[in-house]
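In the two complexes that follow, chain A is the common piece, with chain B as its partner first and chain C second.
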Partner chain A sequence: MADTLWRSTGRTRRSTRTVRISFSAVTVAAVVLAVLIVPPLAQLDEQAVDLSKKLLPPSWEHPFGTDDVGRDLLLRCVYGLRISLLVGLVAALVATVVGTLVGAAAAAFGGWTDRIVMRLVDTFASVPHLLLGIFIVAMFRPGVWPVIASVALTHWLSTARIVRSEVLSLRSRPFVDAAISGGASRLRLTARHLLPSVLPQAGLAAVLMVPHAMWHESALSFLGLGLPTHQASLGNLVQSARSSLLAGDWWPTLFPGLFLIIPTLAIAGLAGAWRERINPRRRSELML
Partner chain B sequence: MLELDTITAGYDRLRPVVREVSLTLAPGEAVGLLGPSGCGKSTLAKVAALLHRPYAGRVVIDGEPARGWRHTAPRAQRTAIGVVFQQPRMSADPRLPLRDLIAEPLRATGRRDEVPARVGELADTVGLTGELLGRRPHEVSDGQLQRACLARALVLRPRWLICDEMTAMLDASTTAALVAVVEEYRAAEGAGLLAVGHDSILLERWCDRTVHWQTPPTD
Partner chain C sequence: MSTGLIEGKTARRRLPWGPMARMAGRRALFAAPVLLAVTFGVFAVADASPFDPVKAYTGTAGLTASQENLDQIRANLGVDQPLTTRWWNWLTAALTGDFGDSSVMRQPVADVIAERMGWSVLLAASAFLIAIVLGTALGVLAARRQGGWLDRCASAAAYTLEAAPAFWLGLLAIWFFALELGVLPAGGLTDTASDVITPGQVASHLVLPAAVLGISQLPWFFLYVRQGVADALDEDPVRGARARGLSETSVLLGHALRSGMLPMLTLIGSRVPELITGALLVETVFSWPGIAAATVEAATSVDFPLLAALTVLATTAVLLGNLLSDLLYGLADPRVGFDG
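So, the complex of A and B:
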C-alpha cells in the first residue's frame, strides 16, 4: 500500500541509539580487559622512577609520555583505572544493598518507621555529599577502604528513595491483599513478592552509580584526601599533573582525564540502554 | 457466623463510602451483594476479609471479633476467609508461575508438604491442565488466570469465601465453570459465601439471598 501511515524509508541505517550502545559496550569490554590483563602481562613496575626520562612527551616508547619523575603514564593510567573501577564497583554495590534494604524496610513497615527513616534520609541528603564524604575519609588513614566507605555511605540515599517509592506503589496492588489473605507474614511478603519486583530497578541504580562513585573517588584523591598519593589512581594522577600543566606539559593531565571520562560515559551509556529496556517511557538522559 | 456489625469505612474519614452497614452470613449460606459502581461494596468486601480497617464497627468471625487488620490480624483469622478479586491480572504476582501462585498460601503458612497433592487436586477442580500450570500470568488469558486465583483462594480450605466481582471480566462459559467450582466447594465444606457484583441475574440465581444496595445520598 502506498498510503500507509508508517512508511519505511527504504534505508537500513542504524539509529544513533544502536551506535551509542555498541560504542559503550565495546569501550566497557576494552576497559575491563585492559585492567584485568595488562597488569599481570606487562610485568612492569608502575612505580619505577627514572629521572633521566622525566616529562617526556608522547612517543612510540611511551605512548602517553612520562610524568615528572619519569614514570610511564600509560601504565599508570591503566593501574589508576583499575583502582578507580574497583572503588567504584564496590562502593556502588555497598550503597545499593544498604539503600535497597533501608528503602524496602521503610516502605514495608510504613507508619512511624517510614517517617523517621525517610526524615533521616532527607537530613543526610541536605548536606552536600562531597562534604559528608570528606568528613568520613578525614576520620581514617588514607587508603582504599575509607574511600569506599565514604562514597558508599553518601550514595545509598537516592537508591533508598527509589526502592521505597517502588515498593509503595507495589504495596497497593491487589496481589499484596491476596498474599496477606493467604497468611503471608510481613517478612515473607517483602522477601517473596516486593523485593524481587524491585531488584531490576535497584540493579540499574547500582550500575548508574558506578561512574558517579568513580568521579567521587577522583574528586577525593584530587583534593588529597583519598588514596595515598603514591598510589596510581586517576584522581591522584590529575592532581600530581597540575604543576606540569602550568609549565605547558599537557599530557600528564589529558590522558588520565580521558581515562576517567570515556569509561564512565560508556558505563552510563550501557546503563541508559538497560533503563530504556525496563522502562521505555523514560528516554535516556545520562544520570551521572 | 460471619458478622459485619455497623461498619463505617472508606478512604476519607470525613466522607466514608460505607456508612453503618450490617450484614450477617450463616455457615453454608450464599449471600449476593448487589449495587452500582462506587457504592462501596468492594470496600465492604475488603473489610469483611480483614484487608481494610474500618473507621467504626466490628467484624465477628465464628463468634470471635477480629483482633486486627491486614498483617495485625491473627493468621488463623485471615486465612479463615478466602478472597477472589475482580481483576486477576492485578491480583497475581507477575513473577510466579500458576503452580506457585496456587501453592503460595500453603508455603506462607508452613504447609509445604501438602503442596504437590493439594495443587494437583485444585488444578483439576478449576480445570487447569498440567502445561498451563508452568506458565506465568502474562502467558495465560484472564479466564485461566482467574481460575488459578480461585484455586489459590480455596487452597487453605477457608470457612468463608468472598468473591468480589469474580466474574466481571469473564465470558459466560468461564463464569459458569467458576460458579460451579465455588458451589461444589461450598457443598463439600459447608462454607459461607459473600458474592459481590452488579449482575443481578447471575447473583439471584447463584445465591440463597441477595442484598440490594442503594447509592448513599451524597452531601
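So, the complex of A and C:
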C-alpha cells in the first residue's frame, strides 16, 4: 500500500512522523498557552489606539507591525485567535453533542425514525455550508450566538453519519447480544454499551471540527456577517486590513491568516496521529 | 478498463442510456422533497428570526410612514398570513419563474440571476479547469517518486493551501500581482473607465479570481490524483505493462494515470458545495459580478427574496452535482451500476 502523509512504513518514515507529531503537539500547546496566558499577563490594551504609530512595518518592537490606527498586530492576532478558537470550540462542542445524539438515536431506533432522520441529514447536506451559515446570520443579524449556531447547525451532519454507522456496526458484535440476553433495555444498551464505544470516533470528529469551525467563523466575519467588529476575531482582522492592503501594506492581512493556518495544520497533525491509533487499518484520508 | 484487452478497442461499449435515465429520474423524485424541505426551512428560519419584511421593504421611509400605510404594505406583502400560506404562495409563483423582487438590486430576482449566472459559470469553469490540469500534472509527478523532494514539497504545500482561507489568498494575490507588480487588475469585470465589455478585458480581469479559486480547489484534486496514481502503480496492470517493456511515460500516463484519475473524475460532481463556498469568498474579494457576490450582498442588506432564491438555486446545483458524480461513477466502474 502506498504511504500517506501520516502513515509509517519504515524507519525513516517513523522518524519524520515522530518529528511531525511532536511539532504539532508543541504548536497546539503554544497556541493554547498563548491565548490563555497572554491576555491576563500582558496587561496591555489591544484596543489602545496610537495614531503616531500607524501602519509601521514589522520590527523588533512590533514583530507583526501595527495596523491603521497604530494597534500592535501581534497582540491583536493573539486576541483574535482567542476569540476564533473560543467560537470554534463552542460550535464544535454543540455540533458534536447534537450529531452524536442524533446519530445514536437514528441507529438505535432504526426503522422509520432512522429513515426520516437520515433523509433530514441528506437534506441539510444539500445546502452548501457557508451559504446556510450566511443565510442564518443574515436573518438573525451578526453576533456571537448566531455565528455559533450557524456553524454548529452546518457541522453536526458528518458526526451524525459517523456515529450512526459506527453504532450500526457495533450492534452485530457479541457483547451487544450478551447485553440483550441479559435483559438490557434499548435505552440502557445505547447509553451503557454503544455510546461509550463510539466516543473515540466522535471525539476525533470534534477535534477535526474545531479548525473547520474557526475557518467558518473567519469566512463569515470577513464577509461582514460574523462577529461584531469590536470583537477582533481573525476574520474581522483580515476584513479591517482590506483598506490598508489596497494601499500596499501587506502585514495586517498576512499575519491573521497565518494565525489561522498554523493551528489548523497542528490540530490536523495531532488528529491524524490519533486516527491512526484508534483505527490503524483505515488509510488516512484528506485532512479536513 | 480491464476488459479492454479482451474486447479490443474496436468494440466500443455503448452508453447505458436507459439505466442512466432511470437513475436521473429517481434522483429527481428524491430532489423534489429535498427542495420542498429547503424552501420551507428557509421560510421557517425567516419566520423565527427578528427579520421584518415590511421594514426591509420600506427602508428609511418606513420610519416616517404612518401606521395605516405600514399596515397596508403589510397586507399587500401578505406578511400577516401564516407561514405555510406565504411559503405556498412563494412556491407556486416560483414554479412560474416569478421569485419576487430583489430589494437591494431593485429588479426582479429572476433577472438578477439571469444577468449574473453566466459570469459565475465562467469563473467556476475556469477555476475547475486550472485545478484539474494543475492537480493532475502535479499529482502524477508526485506519485512517480513518492517521498521524493517534489512529493514532499507539493504535499506540504497542498495541506497548507487546504488550511488557507480563499479570501486571504485572494487578498494576498491582489497585493502581489495588482499592487506590487501591477500586471493584473485588482477586481471587477472591466476597467472602470470603459463601459463596454470586451473579451480581452474580461480575460485579463478573470485571471486572478480564476487562479485563486482554482488554487483553493487544487489541494483536493492533487491529493486524490497522487493517491490514485500511487495505488495504481502498485497494481498488476502496471506491473504487466512494465513486464511487456513499455516506456515509463506510457506506463505512467497510459496505465497508471488512466485508472488513478477515476476516483478524482467521478468525485468532481461532489465538489460543487466547496466550489460554491469558494466562489462566495472569491467573487466578493474581487468584486466579480456573479451570483455568489450577489448572495453576500443580499445577506448584508437582508434581501430575503433574493437570498431565498439563491439558496434554492445552490441546493439544486449541489443535487445536480451529486447526480453527475454518481452517473460518472457508474460509467467508469460498471460493477457499481446505476441503482442508487
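We take it that the second predicted complex is superposed on the first by the 269 of 288 C-alpha atoms of A that agree within 3 Å, B and C clash if a C-alpha of one lies under 4 Å from a C-alpha of the other, contacts with A are read in each partner's own complex, and residues count from 1 in each chain.
Keep this in mind: a residue touches a chain if its C-beta (ideal position, glycine included) is under 8 Å from a C-beta of that chain, and two chains touch if they have at least 3 such contacts.
Quick caveat: nothing in here was measured; it's all calculated off a predicted structure.
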In the overlaid three-chain picture, which partner chain does A:Leu246 touch, first (chain B) or second (chain C), both, or neither? second
Regarding the shared-chain residue A:Glu61, is it in contact with chain B (first), chain C (second), both, or neither? neither
Of the two partner chains, chain B (first) and chain C (second), which one does A:Asp122 touch, if any: first, second, both, or neither? second
For A:Leu254 in the superposed arrangement: first (chain B), second (chain C), both or neither? second
Look at A:Trp215 in the shared chain and tell me whether it touches chain B only, chain C only, both, or neither; answer first, second, both or neither. second
Classify the contacts of A:Gly182 with the two partner chains as first (chain B alone), second (chain C alone), both, or neither. first
For chain A, which side has the bigger count of touched residues, chain B or chain C? C
Is A:Ile136 touching anything from chain B or chain C once the two structures are fitted on A? First, second, both or neither. second
Which bits of chain A are touching chain C when the two form their complex? 1-5, 13, 119-120, 122-123, 126-132, 134-141, 211, 215, 218-219, 222-225, 238, 241-242, 245-246, 248, 250, 253-254, 256-257, 260-261, 264-265, 268, 286-288
Residues of chain B defined as touching chain A within the complex: 46, 49-51, 70-71, 75, 78-79, 81-83, 85, 87, 90-95, 104-105, 108-109, 149, 152-153, 155-156
Chain A partner, complex, touching residues on chain C are 33-34, 37-38, 41-42, 45-46, 49-51, 143, 146-147, 155, 159-160, 162-165, 167-168, 171-172, 174-175, 179-180, 186, 219-220, 223-224, 227, 230-231, 233-234, 272-273, 276-277, 280-281, 284, 295-296, 298-300, 302, 304, 307, 310-311, 314-315, 318-319, 322
Could you list, by residue number, the parts of chain A that touch chain B in their complex? 173-175, 177-186, 188-189, 192-193, 196-197
